[in-house]
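Chain nomenclature is as follows: A, B and C, assigned in order of appearance, with residue numbering initiated at 1 for each chain independently.
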Amino acid sequence: MNNQRSLFPQRSNLRRQWSRYTNHGDRFWRGALFVSSLLILVLVLMIGWEVWVNSAPSRHAFGWEFISPWAQAVWNPALDRFNAWPSIYGSLITSFIALLLAVPFSVAVAIFLAELAPPTLRTPLNYMVEMLAAVPSVVYGLWGIYVFLPEIVHPIGVAVQDTLGIIPGFSIFFGGPIPASGISKLAAALILTIMVTPTIAAVTRDVFLAIPRSQREASLALGATHWETIWKVLIPMGLSGILGAVILGFGRAIGETMAVTMVIGNTSGGDYSILKPGYTMASIIANEFAEAVSELHSSALIEIALVLFVVTIILNAISRWLVMSVHRKTMGR
Amino acid sequence: MSGDIFAQVNLSRVYRRRKWVNNFILGLTGLTVILAIIPLIWIIVYVIIKGWRVINLDFFIHLPTAMGVPGGGVTNAIQGSIVMVIVASIIAIPIALLIAFYLLYYPQTKLGLSIKFSTDLLSGVPSIVIGIFGYALFVVPVKHYSAWAGGLVLAMIMLPVVVRSSEEMLKLVPKELREGSLALGAPEWKTSFSVILVAALEGVITGIMLGLARAIGETAPLLFTALGNEHYDVFSYIKQGIETNQSFWDILHKILSEPTDALPLTLWKYAQQPYPERVEQSWGVALVLMLLVLLLNIGSRSWLAWRRRQTHG
Amino acid sequence: MNQLLTQKIEVRNLSVFYKSFRAINDVTMPVYENRITAIIGPSGCGKSTLLRSLNRMNDLVPGSRAEGEIILDSENLIDPGIDVVDVRRRVGMVFQRPNPFPMSVYDNVAYGPKLYGIKKRSVLDDIVEDSLRGAALWDEVKDKLKQSGMALSGGQQQRLCIARATAIQPEVLLMDEPASALDPVATLRIEELVAQLKQQYTIVIVTHNMQQAARVSDYTAFMMMNERRAGELVEFSETTVLFTTPKDKRTEDYITGRFG
C-alpha cells in the first residue's frame, strides 16, 4: 500500500500552508466580490453626496425658495438670481402630458404583445419595441427638430391654440401662437411620449406574462371573452406592476435630457403655456452648465441636479417595490 | 335552487354585445402597436436617406474642416467614441461580473439586497446627473476635460446594465454544474470562471453588447467630461509621439488626457448649427450611430437566440 | 336505477391535431346525461386532450385543429360557425390545480354570472349561496365570503372552483384530474361531491387513478397511445363491466397493473 506511487504528488509544505490560508485563492476572490459590490453602493452614495456638497452655495443663498412656485420665478444668471420653478414646471408638465398619452397607449401595446400577438410576430415586435428604446436620445432630437416638429408638432400646436387656446380659463396653458419652428414644451412632451412608451410597454408586458396561465384558463372556461379575461382578471392582478411601470416611465421622462433640450427652446420665458418654449430641469443643466457665468450659477445648476437625483431615486424605489409586489402575489398566497 | 338565472337575461343579445366589444377593443390594441412602430420606421428611414448622402471615406478618415472646405469628416468623434468605450469597458466589465457573482452567491443577504437595489437606483439616475458627478470628480481636480473622464462616466452608465443582464444569465446556469465542480475539490473562484462563466458566456456577452450600445449613444454625461474636440486624432498622437521619441505611456497619457469628441456629442453640436453642411453631416453621424447601436442591440439578441436554438434543438 | 338513458354528448370520429401531429385518433363514444363518465389511461394517451376538446379549450394551443363531430344537443361543437363562448358556458371545466382568482370567495363565484349581465345584488347573493352549497363549501365559508379565495386550503379552493363553474348553470361539467393535487382526505370529499353533482349535471372526469374511476364513475373510457403516438379509445363500457370483465386485452393489462 505504501510503496504504491500516488498519481497525485504531494504539495510542498509551504504551498499547503498558503493554500490553506487563502482557501485556495477563495479568500481573494471573496474579497474582490465584496469590494466590487460595495463599490456600487458607495458610488450611488457618492453621487448624492457630491451634488449635495457642490450645491451648497446655492442652497445657502436661496433656501427653500429655490424650488418655490411663488417666489419670484426668475432664472437670471446675469443678476445671480435663481429660482428653479420654471424648469421644475417644465419637467412636470412635459412628463405629465407624456405619461397621459403614453400610458393607455403602452398598456394597449403590452396587451397585444403579451396576449394577442401570434407566435410568428412576437419576436419581431418585441425587437422593434427594444429598438425604440435603444435609439439614442440625440437621434430623437435630430429627427425631432427637422422632421417631427414641422410635420406633427406644429400642426397639433396650431389646432390646440385655435381650440383650447381661446377658451378663457385654458389660455394660460394652451395659449398660442406656437413658434413656426414648433419649438415648445408640447414638442418635448410629444417626443417624450414616444421615448417613454417602450419602457412602460416592456415592463407591463412582463407583468402580464408573469401571471400564470391557469388564471386565463379559469376565466375562459367560464365562457368569458378574451378581453373580459384581460380586463377583469389580468389587469386587476397586475395593477401594482402596471403602476410600477408607469412610475418608472415617469422617472425616465423627467431624466431625459438630449431630445428634450433640442426641441424645447431653453428660454426662460416663465410662460405656462405648453405651446411656448421653456425649460426642463435636465435641459437647463445641459444647456447652461458648460458656460456657467458664476460660481453661484454653477451651484444653482448643481442644485437642480440634486433635485433630479432625489426625485428619480424616490420614483425608482417606489416603482421597484410595486413591480416586485406583483411577483409576490402571483407566486403564492 | 334559484330558477334559471338566464331567464332574466336576453342571452343572444348579451353574447353579441360582448363579442363585439371584445373584437373592437382587441383590434384597437393591434392598431396601437402599428402606431407605436411608425416613429421607429420613420426615424430609421429618414436617417438612412439623409445620412447616406454624407457617408464616404472622407467621413470616416478626416477631421472636420472649416466651413466651406470640402472633405471634412468626423474621425475625431469616431476615435473618441472608441477610446472612451474601451476605457469604460475595461473598468465596467470586470467590476460588473464580480458584482454579478456576488449577487449569485448571496442573493438574500442584507448586503446582497442593497446591492441589487443600488444597481437599480444607479440605472435610474439621469445620465446628466452622472455627468455632473463626473465633472466634479474627474474634471475639476485636474482642471481639464479629458477622454478618461468621459470613459469613466460611461463606465458608470454601463455598469448597471451589464450587472443586471449578467446576473440573469449566471442564474440560468443549473446549480448542478456548480455543485459538480465544487465536489471535485475546485475552489469557488475556479468554479466561477471555468464552469459558471463559461456556461453563461453567450448570455453575458450579449449583456455586454447591450451595455456598449447604451454607452455609445450617451451624450449628456460627456458634455461636462469629454467636452468635445475637433482635433482629436489618435493616429496623429501616435505619430507625433514616435517622432519625438516619447514612451508608450506618454503617448497613452496624451490619448487619454485630451478632451475628446464622441459620435453623439458631434451629432448634438452639428444638429443645431446654422450651417447646412453641418446639419447634413449630423444626419451622417446619426446613421453611423444608429447602425452601431441597433447592430449591437438587436444583433446580440438574435445571435443569442440563434445560439440557444442550436444548443437546445 | 335505470331511468331513461339519454346521450348528452355524442363524440363521433373525433381526431385532434397539433399542427401536423395527430394527438387523438378517431374517437367515438357517448356521454350519458346525468351520469359520470371517466376517462382513464396511461400518461400521454390523450385523456386531457379529449376532455379539452369538449369545451374547445384546445383552441388555446396554437396550431390545434379538430376533425369529426362533438354533438351537444344536436349541435356540432367543432363547427366553425359555433359560438365558443356559448359552448364554454354550457360545458364547464374544473382544472387539476385549483385556480381561484385573487378575489374574494364571493367575487370568484359571482364572476361568471356577472359576465352575463346579472347585476342585482339579491340575485347574485342567491346564486353564490346555491353554488357554494352545491359544492359542499357553504358552511365553511359563509362567514368568510369577503376573504380572498386564495386563502383557502387546497381542497377548499378546488370546491370553490367547482362552485364557480356551477354558478353559470352549465349542462356538462368537465373535470381534469380534480383531486390529483390534493391530499387523501380532500380527495375523498371531492369524490363524494362529484357523486352528488351528477344529479344535476353530466360529468366527464379524467383521472390517472383507476380506483377513483372505479369508485366514482358510471361509465369508463379507456384510452391508449397507438404506434404513431396518437391517442385511441380502446374500450368504453359501464364501469363495473370494464373493471371486472374487460373485453380488450390491453384494458385488462392496464387494470391489472401489468403496465402503465
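Methods note: contacts are C-beta pairs under 8 Å (C-beta built on N, C-alpha and C of every residue); 3 or more make two chains touch, one makes a residue touch a chain.
Predicted model, so just to flag it, every value in this text is computed and none were measured.
A.B. asks: Of all the other chains, whose mean CA position lies farthest from subunit C?
C.D. replies: Using the mean of the C-alpha atoms as each chain's centre, the farthest one from subunit C is B.
A.B. asks: Which chain is most central here if centres come from C-alpha coordinates alone?
C.D. replies: If one averages C-alpha positions chain by chain, the most central is A.
A.B. asks: Distance between subunit B and subunit C based on Cα centroids, please, to the nearest Å.
C.D. replies: Computed value for the inter-centroid distance: 52 Å.
A.B. asks: What whole-number Å value describes the gap between the mean CA coordinates of subunit A and subunit C?
C.D. replies: Those two chain centres are 48 Å apart.
A.B. asks: Distance-wise, how many Å sit between the C-alpha centres of subunit A and subunit B, to the nearest whole number?
C.D. replies: 16
A.B. asks: Got the subunit A residues that touch at least 2 other chains?
C.D. replies: Expected reply: 225, 228.
A.B. asks: Got the subunit B residues that touch at least 2 other chains?
C.D. replies: 18-19
A.B. asks: Among the residues of subunit C, which ones contact at least 2 other chains?
C.D. replies: 85-86, 115, 168
A.B. asks: In the complex, go through subunit B and note every residue touching subunit C.
C.D. replies: Residues of subunit B touching subunit C: 1-2, 4-6, 8-9, 11, 14-15, 18-19.
A.B. asks: For the complex, which residues does subunit C have touching subunit A?
C.D. replies: Residues of subunit C touching subunit A: 55, 57, 60, 62, 85-89, 92-93, 95, 97, 99-103, 111-112, 115, 148, 150-151, 161, 164-165, 168.
A.B. asks: Which bits of subunit A are touching subunit B when the two form their complex?
C.D. replies: Those in contact with subunit B are residues 23-26, 28-30, 32-34, 36-41, 43-44, 46-47, 50-51, 54, 105, 108-109, 111-113, 116-117, 123, 125, 127-132, 134-143, 145-148, 194, 197-198, 201, 225-228, 248, 251, 254-258, 262, 282, 285-286, 289-290, 301-302, 305, 308-309, 312-313, 315-317, 320.
A.B. asks: Tell me, which parts of subunit B touch subunit A in their complex?
C.D. replies: Touch list, subunit B to subunit A: 18-19, 21-22, 25-26, 28-30, 32-33, 35-37, 39-40, 42-43, 46-47, 95, 98-99, 101-103, 105, 111-112, 114-115, 117-122, 124-130, 132-133, 135-137, 156, 159-160, 163, 187-190, 192, 213, 216-220, 223-224, 227, 264, 267-268, 271-272, 279, 282-283, 286, 289-290, 293-294, 297-298, 301-302, 305.
A.B. asks: Which bits of subunit A are touching subunit C when the two form their complex?
C.D. replies: 118-119, 212, 214-225, 228, 232-233, 236-237, 329, 333
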